[in-house]
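These notes open a run of structures that come right after.
Each of the two complexes below includes subunit A, the first together with subunit B, the second together with subunit C.
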Partner chain A sequence: MKLLTHNMLTSHVKGVTKGYPLLIKATEVKVNQLDFNPQFVSRMIPKLEWGALVQAAEDLGYRQDLPGELIADYEQNEEFLKKVHRVLLEVEVMEGCLKCPESGREFPITKGIPNMLLNEDDA
Partner chain B sequence: MATPCSSSRLRYLIHLAHDNVDFRLPEIKALLALRGKPFHPCENFNEQSPFWCLEGLSEEDVRSVMARSVCAKSAFELWGHGQTDGNLRSSLLNYPPQSMSPFMHKDSTYRINVYTFNKTLQFQDRIKKIDALDYLPFEGTVSLKTPQHIFCLLEDYGTDPNNIPEDPNYIYFGRWIADGQRELIRTHSVKNRHFIGNTSMDAGLSLIMTNHAKVKENDLIFDPFVGTGSLLVACSHFGAYVCGTDIDYNTIHGKGRSSRKNQKWRGPDENIRANLRQYGTEKMFVDVMVSDASKPVWRNAALFDAIITDPPYGIRESTRKTGSYKENTKLPDCTYVESHVPVSQAYHLSDIFTDLLNFSAHHLVLGGRLVYWLPIYRPEYCDEMVPVHPCLQIISNCEQMLSSQTSRRLITMEKVKEPEESDIIAHLSDPHFSAYQGHNAFREKYFSGLNKRCGKEDTKYFNKN
Partner chain C sequence: MKSDLSTESRKSKEEKKVLRKQLKASHTLLKHEGVCTTPQPTKSLVIANGGLGNGVSREELTAVLQEMGEVEKLLMPPHKPYAFVTFRSEDGARKAHANLNGWKLQCGESSITLYLSYVDSVKCKEGASVPLPEGLALVEHFVSPEEEAQLLNVIDWSPTQGDVTAQKSLKHRRVKHYGFEFRYDINNVDKDKPLAAGLPDECVPILQRCVEQGHTNVLPDQLTVNQYESGQGIPPHVDTHSAFEDTILSLSLGAKTVMEFRHPDGRVAAVVLPERSLLVMKGESRYLWSHGITPRKVDMVPAEAPRADAPTEPGIQSNLTLSRRGTRTSFTFRKIRHEPCHCAFPSACDSQGAPSPSPGPSLPSCPADAARLEEEYVHRVYSTIASHFSDTRHTPWPRVCHFLSSLPSGSVLADVGCGNGKYLGVNADLVGCDRSTALVQICAARGYHAFVSDALSVPLRTASCDACISIAVIHHFSTAERRLAAVKELVRLLKPGGQALIYVWAFEQEYNKQKSKYLKQIFKEDHGEFSSTNLLSEKSQKSSGEKVSDLSCHLENSHKPSDMQGVSRVPDARLSVHTNRTAFTSQDLLVPWHLKGGKSTVPVFHRYYHVFQQGELEHLCAQVSGVKVKSSYHDQGNWCVVLHFSII
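== the complex of A and B ==
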């Protein structure tokens, strides 16, 4: 699971009102070298919940020195975009789980793939 | 098309493949829309014809359409046309010489092709047709192998193979500009694909869906019923980043029985990511997840540029979602184990489409497109049965026949406004929509249609995919 995906996911456990962002409990994290694409990263940034991305990167130890607030004029800042590229697309949680911040329900991640299915009693 | 073209407005001729006929016009329109160009056919436009004459375009526009189209075979700058050789001649002689000369001067090399639709000509007849063009001021040298310019004489003998006329109904002459992407249908064929399932979408239709959805470079595309990821393969080919979900744990993890003949179990690396790797687009892979399309796992925001999917209809894949009919089913212990398979229940077709449209209204960017297949029991079909949503405008609706009684329709919708509280789908009360209510309603009709006419051919069709 890439942090781009994590940024878009929320808990859907029944009755939960504050299910975002999901907490990451990782036991294995991998970094894949991937072609840097400044256009795509620039396009994604306005769609992101910036705080959640920085927190997730921090939790996994890959924050680099990304600021807590999104900077202005990021389209021109290649160094910044490269760091965002790294946390969005290169850092991958291979094993671990996603935890609902309110209910504590955990969604396992195996072989890099989250399983978001709920048991019948939480759905 | 009797009047010759005026010098100021170039016309382009597009030669289309004569299959998936219903899907061609929406494809070309969508690809032109990607360039911000309208579809402007010349007079006497006939959608069923393999030759379309368009105006109001630049050569660059035409090239960019051909760089994407799987419905179009080739495109030409149209120099002349007519119903007879005489009409063609006067039309060609009317074409401004200054527009011809850059491609005909004495230092250039060229060749002339003859293409006939619905008729096969003998070699010597083709040569005669070329010789008959001697009124054109060709000054260059013929080069059959490496010409700088290729010209083509295209003759249309109608579309009825049982009634082929002696002389063509219509003749075109033009300068070849570009070929379409028909080759991708072969290179991306599921026959040679690493990871496939029982219902993998064929390569041609996957690419057509991608084009109908106006997928472009750096888009983010989502498939909520991803299966083995055929649609993600097509989208990634055109430079989009892709993600998908499926309720089936085994499919997403590439486990379980193989869909291939002579192979019992799936290999260790049979998965969607490996499929993208096979075509050199693994860098476009974002993620796939095990998830239930009926559950809100995505944060409520306009995240996706397009949503492209082939929902299960309950024919070859079951329709299901998590949940139970029983009230209060408690597991003995509240531990969440990876191996636990939640109880699944039937997912009514009408709910699948309601959820899909609602999801798209919330998660598509404005102007983003939803492209999906709707199964049809033909004797009862009417256009009003296609689900509607106040935020989604229907762009196209193309039929693919599956049997005499059943078909599926490729529905393309575009998000035209952000959803408000009041925009809940109201059509469920619509009697037209009842065809999809009740879990097995479509399935029962499908099989009743099959049984009426011994059905062997129909099942063969599904197996082909």
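== the complex of A and C ==
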């Protein structure tokens, strides 16, 4: 699971009102080298929940020195975009789980794939 | 025919290009089949599209080949869309290559374009013939033509007879019962209510002959007469153990057919039943194997009538051809059983606790049933067939791609029910999810963003997506409520102003007088060769000037030659099993999937589908508040809508 995906995921357990962001409990994290595409990163940034991304990066130990608040004019800041590229796309949680912040329900991550299935009754 | 070469030189550039492409595709595909073509002339050619699997009969093909030179051998592998011909001389092969490439062969109502390439050697993997099921015997010429005529005359199909003999017109055949009525609703006979009409007198000498020849030792007391028109059939079934004794005798009259016997382990034996033959089912063949007749108009049969005294070559069926069906009437004689069955096959025995024969799933009557049905007939099947399924889903549908590429870059997009990630590669902004872990693993291996979740409960934030797609997903939900819930969940993900594209399989596979590719891709092989055969047939469609979009929707690998109707639903709520590549006969059905394997022992999996009727998808979406149907259309056998979501 890349942090881009994590940024979109939320808990969908029945009755939960504050299911975002999901807490990451990682037992295996890997970092892939991927081609840096500044345009792609730039246009993703406004779509992100910035705070959730920084928190996830922090939890995994890959925050680098990303600020808690999104900076202005990031489009021109290649160094910044590279850091975002790294946390957004290169850092990948391979094993572990995602935990619902409200209900505590855990969703396993196996071979990099989050399994967000619920039982029919807690859906 | 000689003019063909000159016709070719008159062809426009475009046509030539198409032809080149077709040839290239044929070559590639044939390589997939393990057939190497060679540019050097030899005596042998592979004839792409000229196969039994494409509805080309041995006779039709032989006729054109013989005009080219003396044919030494014509090999038509079963179900395949190609054939091999070996000429006596290289000259014949050269002539065929020069004159028949691009030749349109008229086969019945359709015309098939042939493409020929030289091959060094003819070798083909032919299906090893499956031995007859244990306990099955076929006695040819059991009745004389006079007796046949007499028996056929006995049956009065006029409705007034109905009350004494119990007569029903099932969707795909006419049925009449004598002695006792077999009730399809309970899969049994009412043993306390014999019918007024016993077995016709004309049957007596026939039955006595059965006893004399040792085919049975008790006289049957129940007769079921089935009449099948060409194109009709009977779903696979095992005769209810508790209803009838061991031996079942069945006379075929009027026309021949092919009956398929299926063992629970996946073995299939196709048995040709000639007219006037007697089929005797005992033991394992009666108790464990199911038997049925696929509804179709054409059967694949040995080209020459098999002679009992001729030594058969085991494993080789090099002389297959196609046989058009006529009207066949079967007389099935059975003996009512009055004690519980104690056969050696408890797994198939209703007397010994097994569920009554092949009940199959029914339409769900409550939400829990619906979830169970989908779990067994959708989720589990996809997880089993994932890798084979994925191999068949390589080409994105153009109109879906068009939708995706029309969105501004940087959009947040979700593919709910992404399968193997076919569209995740089309647009890098997409994140995918699917119910099947096995399919999501394929996405992940391809480097796409995907997670496992259910389309009824997608773990994405409300109003987080600029657009969503749901391609071939919602037809897997088994109740109208769940289909509605799936649309609502998709819409929940949309930002105001967001769009959703939904594709579902259409009940109407023929639209604007155009058959969908699903229907056109007839005569496919059952072990996964369809991806290549589809390409062939698709390429050949190009030449007929049709718009080529994609390797078709819903590439079910069918296993039956099929320009016929599907299997009907017997009069209860059970879901019918669809015959691949045929028109739909009901909206809720099970669609078989035949795993690739090349062996007949590979089991068949059934997926549940609800196929949508025209207008149904729009109606469904209109029930979701805030949603406007921006456009709707029929695309390759699917009903499709583009939804627009706005703040309520």
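Following the convention adopted for this analysis, the second predicted complex is superposed on the first by the 123 of 123 C-alpha atoms of A that agree within 3 Å, B and C clash if a C-alpha of one lies under 4 Å from a C-alpha of the other, contacts with A are read in each partner's own complex, and residues count from 1 in each chain.
Note that in this section a residue touches a chain if its C-beta (ideal position, glycine included) is under 8 Å from a C-beta of that chain, and two chains touch if they have at least 3 such contacts.
Please read all numbers here as calculations on a predicted model, not as lab measurements.
J.: By the touch definition at the top of the document, which applies to A:12: first (subunit B), second (subunit C), both, or neither?
T.: both
J.: Name the contact category of A:63: first (subunit B only), second (subunit C only), both, or neither.
T.: In the superposed model, A:63 contacts neither subunit B nor subunit C.
J.: Given the superposition on chain A, which partner contacts more residues in subunit A: subunit B or subunit C?
T.: Tallying touched residues of subunit A, the top partner is B.
J.: Kindly classify A:35 by the partners it touches after superposition: subunit B alone (first), subunit C alone (second), both, or neither?
T.: First partner only, subunit B.
J.: Applying the document's definition of touch, where does A:116 land relative to subunit B and subunit C: first, second, both, or neither?
T.: A:116 contacts both subunit B and subunit C.
J.: Look at A:105 in the shared chain and tell me whether it touches subunit B only, subunit C only, both, or neither; answer first, second, both or neither.
T.: first
J.: Indicate the residue numbers of subunit A shared between its subunit B interface and its subunit C interface, in ascending order.
T.: 1-2, 4-5, 8-10, 12, 20, 40, 43-44, 47, 107, 111-118, 120, 123
J.: Flag every residue of subunit C that touches subunit A in the complex, lowest number first.
T.: That would be residues 367-368, 371, 409-410, 412, 414, 428, 431, 433, 435, 437, 440-441, 444, 449-454, 456-461, 464 of subunit C.
J.: Name, in rising order, each residue of subunit A that touches subunit C in their complex.
T.: Residue list for subunit A touching subunit C: 1-2, 4-5, 8-12, 20, 40, 43-44, 46-47, 107, 111-118, 120, 123.
J.: What residues on subunit A touch subunit B, complex-wise?
T.: 1-2, 4-5, 7-10, 12, 20, 34-35, 37, 39-40, 43-44, 47, 49, 89, 105-108, 110-121, 123
J.: Given the complex with subunit A, which residues does subunit B contribute to the contact?
T.: 217-218, 220, 241, 243, 245, 247, 249, 252-253, 283, 286-292, 295-303, 322-324, 326, 328-331, 336, 338, 340, 342-343
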